[in-house]
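Everything below concerns the one structure shown next.
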Amino acid sequence: APGSVLPVNGLRILPEVADALAAGRPVVALESTIIAHGLPRPDNLRIAREIEGRVRAAGAVPATIAVVHGRPSIGLDAETLEFVAGSREVLKAGIRDLAPVAARGGHAATTVGATAHLAYQAGIRVFATGGLGGVHRQARDSWDESADLVALTGCGLTVVCSGVKSILDVGATLERLESLNVTVLGFGTHAFPGFYLADSGHRLEWRVDTADEVADVVRAHEALGLGRSAVVVANPVPRGDQMDPGLHDRVLERALAALADSGVRGKAVTPFLLEFFHRETRGASLAANIALILGNADLAARIARALTIT
Amino acid sequence: APGSVLPVNGLRILPEVADALAAGRPVVALESTIIAHGLPRPDNLRIAREIEGRVRAAGAVPATIAVVHGRPSIGLDAETLEFVAGSREVLKAGIRDLAPVAARGGHAATTVGATAHLAYQAGIRVFATGGLGGVHRQARDSWDESADLVALTGCGLTVVCSGVKSILDVGATLERLESLNVTVLGFGTHAFPGFYLADSGHRLEWRVDTADEVADVVRAHEALGLGRSAVVVANPVPRGDQMDPGLHDRVLERALAALADSGVRGKAVTPFLLEFFHRETRGASLAANIALILGNADLAARIARALTIT
Amino acid sequence: APGSVLPVNGLRILPEVADALAAGRPVVALESTIIAHGLPRPDNLRIAREIEGRVRAAGAVPATIAVVHGRPSIGLDAETLEFVAGSREVLKAGIRDLAPVAARGGHAATTVGATAHLAYQAGIRVFATGGLGGVHRQARDSWDESADLVALTGCGLTVVCSGVKSILDVGATLERLESLNVTVLGFGTHAFPGFYLADSGHRLEWRVDTADEVADVVRAHEALGLGRSAVVVANPVPRGDQMDPGLHDRVLERALAALADSGVRGKAVTPFLLEFFHRETRGASLAANIALILGNADLAARIARALTIT
């Protein structure tokens, strides 16, 4: 029946997604934090649909992930997507929040880490997002490092992103990924992307140029007994869609100052800074954000397709 | 025969505990470091028995864990408990010390991490302790972070504690727990407990109010494929039993200064500071310490019972 | 046929090694980074052969590990060893580089972490190297910590080394090993070795004095459910072969200054500093380096033999 669901080890999997997984057809996981907490309303719902459409256009089935009425849901029907985009009751859940939210029957958008975990549990092999969490600039004192990083060591899928948000300590984040033995591939570049900017100023050792090349690395990764750990594909925002670098740097400086003044902490930091950027750049950061996530959705779908060829 | 034991994959399990585990009856693991190195003698033996008694009174079987004559022992008979409380030959073993102690036939009290590991190996689902180890205040320079934290990521049981000892950097410890994706639930509170004090000044996102609620979260945790990682239940010392906060802060400041002067390092740090507190507060910290561990034993037993209901 | 290989889950295993593993005879893994990037040419080839010879002389089969033509190779025939020692095309691969190198059919010497991973996948139980990677001296700011450390938590073999290179922050590295629950045993000493020096100035809790004693600890480690994590055996360079401590400290200071001036970063740091030492000590550091790796090869072979006795 339409809207019905298939329970698989605690997960609610949308029939279209379950069918694709059963048949070995390409599926791309998408996170919901960007929808519920990363983009301004009401545009967020339209953009969420556009992201899913981009996955479809590239030949894969989108599976947006969120917790709804306590059920981790792999793929959202139209009504549920609307609910996640519109409700004020939708929390933000990392991996460690999944069980409390589920136990009380709550709703939550999922972070990169939580989405990766649930997608991996569901058997999805590719995940598209905007930017990874990372080491915060004050982490020397605060110890604030995103749970996404350790999460990547236990979720064996390919994560397509545009680097980490520039509000973080990018260099320290790259070092942590190295310490955690997480493979990072630059897509079409040796420059680690800077989220709103194509180049963060940090170099990557490994460059790949096609989805097939990514699939080859993923297959080698699994054959080598590394399949419990993620492969990160760092895909820059198209040059034409990036923010003006000078504007970016000026706004970033002011955003960090505003953050320090605000007393905002923990999970509220990233939404605060994204909103500051959106407001102060009069939408230029938002345009870049949308362009990069659409690009990542497209690339993820192509990688998912390449992985279905054996 | 009385005192006989059942060997299970290298572990010596007391028959009463083995029977309870086989029958699916509630069992609570208890650590021995508090007995051998955390409480003054000869009171420690009496208190150890009181802790076990509190578990029994709440309807569960206590399993105090230690390494005796090289054998990791899950549940100690009366004579062995007396030995652990009284002998000067009982070392302090973290996870990484278990094999060396076992190989040479030595004796050791087990830390939170080592107790959690052995309890998990034995199939015990709930563990009561005083306070977790954590990030030390000088960790920016020394890199000194308790092995308990990473241990929690590989031991899938429920750990009931009263926060972390206030001699640590509590905020950094909470951040590390977040980075490691460890779920932390406040019991009856959104305030993270401060060991001797009910409130450390740090907030928790998740509050639960009953043992049944904890059990619901644990079942969701396992259903979501997170069962290899611990769930921490942070249970404050009863308000009436906490130390006077002003006294606490004054003694803490002096204790840290004394530690810096003493040159004491590594595993000896926590016993040094606990003893300083006991001495300088004329027993007020000891009273709080006993009250909190008894409270945790009681709550752990109630959670273990709630988990047996399916 | 001579030079033929046996494919085992993506690995190419030299027949002599495969036969020994199948028959339960002792095998010692050896890393190739020291050959390709750690020792000056053309001495490196001779020394690589000497290391293998030392393993054989002590009764075990050597398995030098590298990636050749994209295939992770466990044991190298004479021709391949010569290629790894002589080619300029041989990269340096940590665990996260294995899949990219394999996917493009490249060549790479393997770091401690990558060698440990591949050896563990192949079923080898003992590995001899020079020094572990660790926490860098600037890690407070740079977050630069070797991927070897976390790698040890997922590779359940015995790693024989002479501590960590003195260019690192040795104390912080030991703390990190403790936080990660990695067992460290001093061989014949309670002093943690200082690579070129027998004593780094840091104490170890556990001392063992024979290969049989190490094997007892390893068997206890496995019986206790800790078999996914490595046991580190820290074996000092023989006192007679160590560098003059005064010379060591003077050169170290200058080497660190030269590093800061050079702008060298990442994977190139260790080769830069080793070469600086070799040049400035007129070979004294090289002599110590060779002596310690030969000693470790010998001890590893004796441990591998002790482990075959059940």
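Note that the chains take the letters A, B and C in the order they are written out, and that residue 1 is the start of every chain.
Keep in mind that, in the parts below, a residue touches a chain if its C-beta (ideal position, glycine included) is under 8 Å from a C-beta of that chain, and two chains touch if they have at least 3 such contacts.
What you see is a predicted model, and the numbers here were worked out from it, not measured in a lab.
Simply put, chain A must spin 120° to overlay its Cα atoms on chain B, rounded in steps of 5.
The pairing of chain A with chain C is characterised as different-residue: of all residue numbers used at this interface, under half are used by both copies. Averaging C-alpha coordinates per chain places the centre of chain A 37 Å away from that of chain C.
Counting only residues that touch two or more partner chains, chain A has 140. The residues of chain A lying in touch with chain C in their complex are 135, 140, 153, 169, 171-173, 175-176, 178-185, 205-206, 208, 213, 216-221, 223-226, 231. Per the touch definition, chain C reaches chain A in the complex via residues 9-10, 70, 72, 94-100, 102-104, 113, 117-118, 121, 140-147, 149-151.
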